[in-house]
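Two complexes come next, and they have one chain in common, chain A, joined by chain B in the first and chain C in the second.
After this line comes the complex of A and B, so read on.
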């Protein structure tokens, strides 16, 4: 992500790597020992992740094929407990009233994702540019930018609920009488405002870090060549900040897609206007309809995976870029200009 | 020179706008907490009468807020410690050792942070009901490892890769074993990165809501964020905003103090990780 840092670490790695490769070539024992050590060090993490992520995802998929409740077996006896229902949980989601609720939640989730991420990116980049241009007070702003980030989401939900009260601060400032926290479009708007407030400073912070890596003389040269401020921004700043920005945007998107705390606290569960897929699944689970909840969760999982895949494919966001590049370089043992090819 | 002066003024205006954007809602929360309950809906910028009534109300018996704070500290603390113990070794291996499938493994670890919490929640909820873990600390700590571990490995990996590993090499040439070299050379150098990761992990665990809300239905086991969202007013009908704001201030201010003290490190950690 950062040129100077890359070069430094690559140099360090080359220095450290050289004698090691020689040793490894001398005898396979050292390399094998290293591999065994790696396996030893990695196994606790893999075990924990398998238990708390791998198992639930698979079990959740299995769960979504079962339903709880009474049913008749082939002899006409009543059987209790969970039974295999195939894709019934899924077809139930896509039929009747449930279908309306599902498509509503799906629409909300998608709408929130696109609006908040676009707004966050624009505001975040704006903030970063302002901070980068600052003569004084940069430290103060950087400190204040961390405040929204540090407030727990549930608390910020309450805070905005208070601001958006019928006789609260928002209406007083706007001199309006909008029922923000009731159902309807204002509720959507309230969620978007609260979400953007909390997360755009974070994007600003990342972009600022990217901006500070761009050498000043690049801009000098552009100015000498007569580039306008907008041209400088478009042809120098954006392309150089893009890799960091893309990763940040990807993570923000995936985070909004599973949004729960903010609309749940700010507006409440079971409100059509702000219900997201996670909220619908959570509501099913809290009513002990695990099969149906698991089906919603599985659909959401697939949706998130699809968006992540499309994002990485279409825009070429390289998430593990820095780490991967280093291993590639270490193999070639020379810093190559291949970064772009690896990244895309 | 007028050009540079307007630029200077514009820059100050911009800085002020960013600061107001970030701080105004938080200021409003704090100031609302210090109002008297009867002035709660007063929209003046500074309270007419300052009062601590909301803060005493937070710790009133039936809210159980002190207990909730303790629960939050236990859950977030255990999550952080466990995560770091497991994560440090993995991050070290990823940053330092050479083995096959490293990129695949990194990709896998980062992919797990994208998994929606809800798809993890439903089966665990069912499992924990079966083994009687509902209303226990471990029911909140274990699922939290699912998001805390990938996050901390990612951050630690970013920090560890910046370490001067040739020093370790030199120590091993001088006769240290790999373990000794790790302990005497790498651990002290890595400490700041580990510390930053600890803060970020703790904040992430402290802010957790979905799991804490679902795994617990007893008041005594609620974490602070869940407890605050469930505060009830004296009458039970109107939402006790003053108390909630005061509780919000109590939960947030320690975090903000820590964040401001370690500002530089945290910014370094966030930008190195690029993750939430």
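After this line comes the complex of A and C, so read on.
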């Protein structure tokens, strides 16, 4: 899919840089050979990607076009065999009760994604700033901040379940009688709290890595110029840490869009207030409707792809941007011998 | 504008693909031979079951292996969660693997597994069913054919605080709902029990909700799916049954937190001394009698059959059955092993080691066992009059629909009539072809 396409164009791009320089010196055959070599060198990667990514995606899509026999014969046995149903699995999702359930899950998925990612980003950046400071016991703070991330999600779901049960710690601390784990709005809150607790350290860690790349002298210069702490944060820290931050946020978004285990363990399956799209797909699959489950998964796939695309487009999250910038700059500024070095 | 980063694209693609890859393929062509004549072949087999917590199962299998060196049994333990056990067994069946021989099935899975031809039909004449409780045998049948042999049973009982009832001057456990509420009012007049809750049965949105619905509707003389295989929740009996649950919650006779309490949550609630009456499984009996301080009601409670609107109520049937996978080898050994595990001696040992209720009627009258498990006579009568949960090939969808209806009625989201009308419609579609 996108992957193979992008990889191929990357190869073409890499190869395309070379011929121009070579052609200037009149070496057409060598360029073709180099292109072939590039393709050859990349082919194992492409093959592996096609096998582990391309095939499952296509197989999943194919599955979504079939339905398993559900009718019973006169002896009570299921009539066997799968049949091609075209887009019926998809149209079924958007009609009747299934449509209500779908849009409810779609809403929940989107709601969880936006609320948790925003909260995680704010808290994660805060954590990174704290971890970045030099103070006594810094190693200890860093390690302890990472503990939630290290706990398996299903286990943290169980822990939060104890906290949120009717006579649990949350109600004891709040001195309230909130039924967190009943199907309702508090359940949504419970999932958000547990999710943010668990995954803020992930953003914290990636942002910390970004912070450590910022040279100290930039801050010194800013201090000499009399910039306040807030100004330093807004004009130096934030822009310079942005590439790392955007990557972290993108990963979190992709992850939370297919959230399953936390709400399933913390609140339970089939609970309208926390049901996500993956949970519906799971329910369909566990009731032997593999075609329908694949249809839900394919729709989710498309939704995640759309969100990822928009995010990259709008915010310019650029994962290998730095390398390309260098290439561009080199091309612009230094024509001639240097260019060859960059291109090859 | 080629702003989409290349590696970024690859990573996005990979993450997306993984989200899809979980949905595996299934071509679902079952085997043709599931008739009783197929039970042939002897040799090593496997026994697929949930966790063997007490270690008693391993002991029983060791006993079998010592006597049958050429037909050894290997235990395959599946996850604790029943749904995951079901998933793995289905996966094994859809790939037609011979890795699983004897399956330990929850009573509600029989119809689904049998209808999909994943089980071998068992010869009724080669298994001694006459000593077993008839209600348990029914759970192993699909369309009058035997697919599984009951190995353990389970039924709900009414746990009640004998000490408080006695202090309030009540000598008999209640037989009707009204008697139960009256008794509770009297108990609440006692100084020590002012804040106690009257009653609890599980109404959280899970399988337990289905069980509570089956019991409430069954006690009112109705059924969720009638004897003709058609849904029957549009009857006055079904309405009366669900109204009992709805009113008990709305009137505050059940604790407000009841909609969040699962089986273990209910046990803790009872053990903390916060309940007068509770519908619960037999396993709680010994745990609530522990005198290590974990239970505040040790020695203060007793059990009785569930009450109903006008007389004794109906309990729901739980438990497990043993079946043989349609794709297994050495089915003759499998059948012998099932006979061994469901035999009187093995069930007796199992009861003593794990307190799982047996399916052989005589064990309930065994004086030595009754001494150790005083609830056995009550449990026996509960099982004898118990109803199974709806028999449905699409049980997963059926129970989800029942949970939805029950939960929305109990929490007041939907009036009883509307919840039941919706349920009748959904069940009608789901069971249309049965």
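Operating definition for what follows: the second predicted complex is superposed on the first by the 254 of 344 C-alpha atoms of A that agree within 3 Å, B and C clash if a C-alpha of one lies under 4 Å from a C-alpha of the other, contacts with A are read in each partner's own complex, and residues count from 1 in each chain.
Throughout what follows, a residue touches a chain if its C-beta (ideal position, glycine included) is under 8 Å from a C-beta of that chain, and two chains touch if they have at least 3 such contacts.
Everything numeric here is computed off the predicted structure, so don't read it as measured data.
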| item | value |
| --- | --- |
| Chain B versus chain C as contact partner of A:268, first or second or both or neither | second |
| First (chain B), second (chain C), both or neither touched by A:316 | second |
| Chain B versus chain C, judged by how many residues of chain A each one touches | B |
| Chain B versus chain C as contact partner of A:142, first or second or both or neither | first |
| Partner chain(s) touched by A:209 [first = chain B, second = chain C, both, neither] | first |
| First (chain B), second (chain C), both or neither touched by A:287 | second |
| Contacts of A:42 with chain B and chain C, given as first, second, both or neither | first |
| Which superposed partner A:201 touches (first chain B, second chain C, both, neither) | first |
| Partner chain(s) touched by A:229 [first = chain B, second = chain C, both, neither] | neither |
| Partner chain(s) touched by A:177 [first = chain B, second = chain C, both, neither] | second |
| Footprint overlap on chain A, comparing chain B with chain C | 1, 5, 9, 49, 52-53, 56-57, 59-60, 63, 165, 167, 247, 251, 254-255, 258, 278, 281, 285-286, 290, 293-294, 297-298, 300-301, 304-305, 308, 319-320, 324 |
| Chain A partner contacts - residues on chain C that touch it in the complex | 2-30, 83, 86-87, 90, 114-117, 142-143, 204-206, 255-257, 259-261, 265, 393-394, 396-397, 400, 403-404, 407, 411, 426, 433-434 |
| Touching residues (chain side chain B, partner chain A) in the complex | 7-8, 11-12, 14-15, 17-19, 21-23, 25-26, 28-29, 32, 41, 43, 86-87, 89-90, 92-94, 97-100, 102-103, 105-107, 109-127, 142-143, 145-146, 149-150, 153, 157-158, 161-162, 164-166, 168-169, 178, 203, 206-207, 209-210, 214, 225-226, 228-229, 239, 241, 244-245, 248, 251-252, 255-256, 259-260, 263, 266-267, 270-271, 274-276 |
| Contact set on chain A toward chain B in their complex | 1, 5, 8-9, 12-13, 15-16, 19-20, 31, 34-35, 37-39, 41-42, 44-45, 48-49, 51-53, 55-57, 59-60, 63, 127, 130-131, 133-163, 165, 167-169, 172, 197, 201-202, 204-206, 209, 244, 247-248, 251, 254-255, 257-258, 260-261, 265, 277-278, 281-282, 285-286, 290, 293-294, 296-298, 300-301, 304-305, 308, 319-320, 322-324, 326-327, 330 |
| Of chain A, residues touching chain C in the complex | 1-3, 5-7, 9-10, 49, 52-54, 56-57, 59-61, 63, 68-72, 75-78, 80-82, 97, 165-167, 177, 179-183, 247, 250-251, 254-255, 258, 268, 270-271, 278, 281, 283, 285-288, 290, 293-294, 297-298, 300-301, 304-305, 308-309, 312-313, 316-321, 324 |
